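Chain nomenclature is as follows: A, B, C and D, assigned in order of appearance, with residue numbering initiated at 1 for each chain independently.
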Amino acid sequence: MKAAIIGGTGYGAIELIRLIQKHPYLEVGSVISNSQAGSNFSESYPHLSEIIEQPLEKFDVQNIAKENEIVFLATPSGVSSNLVPQLKETGIKCIDLSGDFRLRSPEVYETWYKHSPAPENYLNEAVYGLSEIYGENIKNANLISNPGCYPTASTLGLIPILKSNLADSDSIIIDAKSGVSGAGRGLSLTSHYAEINENLKAYKLGAHQHIPEIEQVLTDESGQPITISFATHLVPMTRGIMCSIYLKLKEKVTTEDVHQIYDEFYKNKPFVRVRPVGKVPATKEVWGSNYCDIGLHVDPRTNRLTIISVIDNLVKGAAGQAIQNANIMNGWDERAGLQDIPMYP
Amino acid sequence: MKAAIIGGTGYGAIELIRLIQKHPYLEVGSVISNSQAGSNFSESYPHLSEIIEQPLEKFDVQNIAKENEIVFLATPSGVSSNLVPQLKETGIKCIDLSGDFRLRSPEVYETWYKHSPAPENYLNEAVYGLSEIYGENIKNANLISNPGCYPTASTLGLIPILKSNLADSDSIIIDAKSGVSGAGRGLSLTSHYAEINENLKAYKLGAHQHIPEIEQVLTDESGQPITISFATHLVPMTRGIMCSIYLKLKEKVTTEDVHQIYDEFYKNKPFVRVRPVGKVPATKEVWGSNYCDIGLHVDPRTNRLTIISVIDNLVKGAAGQAIQNANIMNGWDERAGLQDIPMYP
Amino acid sequence: MKAAIIGGTGYGAIELIRLIQKHPYLEVGSVISNSQAGSNFSESYPHLSEIIEQPLEKFDVQNIAKENEIVFLATPSGVSSNLVPQLKETGIKCIDLSGDFRLRSPEVYETWYKHSPAPENYLNEAVYGLSEIYGENIKNANLISNPGCYPTASTLGLIPILKSNLADSDSIIIDAKSGVSGAGRGLSLTSHYAEINENLKAYKLGAHQHIPEIEQVLTDESGQPITISFATHLVPMTRGIMCSIYLKLKEKVTTEDVHQIYDEFYKNKPFVRVRPVGKVPATKEVWGSNYCDIGLHVDPRTNRLTIISVIDNLVKGAAGQAIQNANIMNGWDERAGLQDIPMYP
Amino acid sequence: MKAAIIGGTGYGAIELIRLIQKHPYLEVGSVISNSQAGSNFSESYPHLSEIIEQPLEKFDVQNIAKENEIVFLATPSGVSSNLVPQLKETGIKCIDLSGDFRLRSPEVYETWYKHSPAPENYLNEAVYGLSEIYGENIKNANLISNPGCYPTASTLGLIPILKSNLADSDSIIIDAKSGVSGAGRGLSLTSHYAEINENLKAYKLGAHQHIPEIEQVLTDESGQPITISFATHLVPMTRGIMCSIYLKLKEKVTTEDVHQIYDEFYKNKPFVRVRPVGKVPATKEVWGSNYCDIGLHVDPRTNRLTIISVIDNLVKGAAGQAIQNANIMNGWDERAGLQDIPMYP
């Protein structure tokens, strides 16, 4: 099955290409980059020399629909809200990796993203692609809104305890830390090597556009309105996200009790690995892979639960989960093309 | 004034030497390293070639007391509890950078450090050297217990809001992140380059020996028993600590209100810089310096305060604050030898 | 085909496991680690949790021979010289990733490695596994001596120009630079994070044990005795080797002329990519892959050729080339299991 | 003495400010940045908060001359060729850190820099500020052309052996490696974190504008025309340059012989440290300091000398040497303000 990739010179697209190239059923079709159309791919990315030598193309709906059966949109926010309606008219399936279809409320989108929202009927149609939670809906979807990187790590870390009804839902604090590749390939002082190396920064305190996305999912899953405290930090590394999550427990339970809840919840989910009692994961342990690894610790002194949830922001946090969703949509094994061992060291 | 340094081949000692060398009144006297006694300093640390060429000495109380007027102990925990009593008998002033004299309760020390505690009379005599808070006591002290790196960043970040009586004292969560130099020069897989580079790890959840130290200070300063949630993380960089602190506010206040409290509290403290409203500090902005920089943000959605507090773990978190305390003890300007601009980039 | 891996907790073994897990015909059989025998693999390497959960085994020749058809030895130098004779007696095929069988002369081995050499008949039997050059011999080999990381990058960079007879063979200088993973997982101050991060070191000037290996290959291939100048440098990164090679040309030729030689030489070699005129490769462009990428530049001012040759030290410089050799030995496509796109970014 | 700094928001200017702030006789006067004039310094550089709060000014010759006694120009190439003539007319002393006055030949400048050259009379007046070599001329200079970073490390490494007449002057190869701060604060894909981290790049092979500068100095000092091979590499670190220099010796000499030459040559030069026989320096050993550290190794197999020369590119390679030159010009101790111990770790 041929897949078109839109946003072809960003890191998200590059990661899609890396994963599709080793996929048993998918194959790279058109690669769209309006800014670099006409040039050869390996000029922008010499690591692809002799592997992917095709020219970058301009966006052309008819062409895309003719040559491909599925489209991945790895564009900045505010772009796919325009492209998806055009693409969908041709009947082609779309997986959008941007934030444009994640929030059900157009007003909330506008408030946090400062862009015009997508048409409401598309917002309603879009299925939120948190694969482990919404697999049943994803199976029948034609438009997937792929989750953000922070929301993936946060919600996979929180949903089991929220569903257990043991969490004080008003007490959730997410201290999120990310490598720099999440900011993309666009030039900015906040991605400038000498400013980032040997440095740790907090940014967008209480203002990150992933906040409403996380709250929407947690509210849906817990059945009660949830407001979180959320702070993001930039760590001097290329890939990896860690969410350190803190919440008050409503009852006295042990670390072992909580482990049982998580082990049970994720027992048939091949990409979520709950570490044994006493262990917590590091980001490198999922580097380059589609895993979300989770560690749990109940502090008996405070009766607070700490959840450590890690992913590779470009894989489970973007391209990998998009492929996982494509697998589910097409009835393939959800692991297809995604079974690589994390790169270590 | 000649200063002896004990623990001469660790990073703490090296940083003391760097700072003393540029100090107007202090000078490096004896440097003690039992493990490397007899060898020249620059063999272990070639960056000191032609600057400090003196031989490392064995620990000899009488010699130290004869040749020096003040002693800095930069030894691992469990060592200075033995050395300080011997040194103090000679009447020499001591500044201990380890954890051995920080906790007033010998039982608490033993629980968290797994070493035998120091004699109780010395625990009682020791003045906790958080310079901005205990300056008056430090002036007259003969034995200073220099604060830990995480406690320095945490308590300087928290004390003003606790003293304001606006904080829900039961709601404090400290998400602490440190560079790797804090773990010292001793070999360990957790300081092994290929394991740490491009990696982010959480460690010692709820079990870090700095927890009782932070709680002791916060309890003293707030006048009520305080229990914190505290999680530490290892960041792929050499120097720098950031504590991201979260707490519930008891009343509805704005970020501006909180700023006023902090600006007022720290107005005569040259080494604490409160960033303007809307800004938070990064660790590189204090790199190599004795500053503690603080950023503040009240989230009106949750009525929680987020405090970002950063220091250089080897300077304000260790050797720099030790020098600052020596300055205060000797009636010198507390900034003496510590006025360098942070290294940037 | 089941493969045994000896030296199971080193980085070489871990990389073999990563590559074998995605290989169409190979499968991980026994994993041998005398030091950690009995423990589960994922205790040492949590990134393998739920992927490889088998216990580490003690070295037992009969068992290995019974359970596996091929053995990869990823042991430190001085170990496989003892193990290989035992293994070979059982008839099992061996690929040794250490330096023990690379030098034909036992005396030279002893001089540079300071270990007792392997028995001479095994030295004679061993086929040097530089896949692109010795493919024909590798096909029929039962004992492969897998090349060192620096020799792979150096010799692939040099052989075409040496065979062209254009190089002044007395003028070769190799300035070699490596990431830190090449030093393995063993603890050492030279792999200690705070000593390596933000640092660049030269080491073992004129004394590296890869010098005689490189000279042996170049002498064989050029047909004349070659002595090189070789200096190694440690770069603050985990993976990657770059050899910057300088030599005097005997005739006036252009960069284009030299490109033609290299393009022709490597035209059927899928893992060597010669960059276009005017471009040189960076190590990240081969990260995680089996490629050796080469850039070429003739300076008309000096009539010297500069060759930039990069590999991932753990893949083409170790485990990847070992798999490539296993592919050739078994008559499989030499690319089997090795076609992943480099990880970028 | 008040010093004006032009190019006030680049890394060179920031480093000048850091060094001047601790200088016993110099003080920061005007700071000029046309692009950010009017804004406060600490807005661009929060690490300077409460230390340097002055506003950035527009370039105004009269004002600069009135308020300052010396000017440091830390501007990109092609700028100071215009500014210096205006400044010099007022009689103020100038130290230019750019390449605009380093090459005596306007044609050579134009060829390598692709800018219009400075007026020839200024080129003739400018004294090349390699402090250890041209101290006598610097004393009486009114216009200093401060050397480039690579030329400083290269020429200090080479001059003693060239002057000894032992080097084959046609055999010099300089493999130069630099941290990323040398490229400045201007945004570029080659300074983008995710492209640089965990990567090693060669660039500008045989085309770097520092080549004619190095050759000019070496030709002057050796008394014979010298052409070098020169390749530059970008290393994933912020600060530090290492030049690994290779040359053929005309006679059979030992490492010890060469050491004697260097020890003698640099015996009264406080900022050049020659490592003992068998040792070579690492870049971190000079980090943040004005030292140039040199290691030497003669390989008896090839009779080639390898010289390892390291500096901090922003200190001895830029701002530090500029201050050293200001010290010499003003008859101060050349070490004034520059005696800090390198930052380690």
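Keep in mind that, in the parts below, a contact is a pair of C-beta atoms (placed from the backbone, for glycine too) under 8 Å apart; a residue touches a chain by one contact, two chains touch by 3 or more.
If you're wondering where the values come from, they're calculated on a predicted model, not measured in any experiment.
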* Looking at C-alpha means, what's the farthest chain from chain D? -> A
* Asked: Quick check: more C-beta contact pairs in B-D or B-C?
  -> B-D
* What whole-number Å value describes the gap between the mean CA coordinates of chain B and chain C? -> 46
* Structure fact -> Chain-centre distance (mean CA atoms) for chain C and chain D, in whole Å, is 38
* Structure fact -> So, in whole Å, the Cα centroid of chain B is separated from that of chain D by 36
* Asked: Using the touch rule from the top of the page, what residues of chain D touch 2 or more other chains?
  -> 11, 181, 194-195, 197-198, 236-239, 282, 284, 287, 345
* To do: Quick one: which bits of chain B touch chain D in the complex? Just the residue numbers, please.
  => 11, 14, 17-18, 21-22, 45-52, 181, 197-198, 238-239, 273, 275, 279, 281-282, 284-289, 293, 339-345
* Asked: Of all residues in chain B, which touch chain A in the complex?
  -> 173, 175, 177, 179, 194-195, 197-203, 205-206, 227-229, 231, 233, 235-240, 242, 244, 246, 280, 282-284, 287, 295, 297, 299, 301-302, 304, 306, 308, 310, 345
* Flag every residue of chain D that touches chain A in the complex, lowest number first. => 11, 180-181, 185, 187-189, 191-198, 236-238
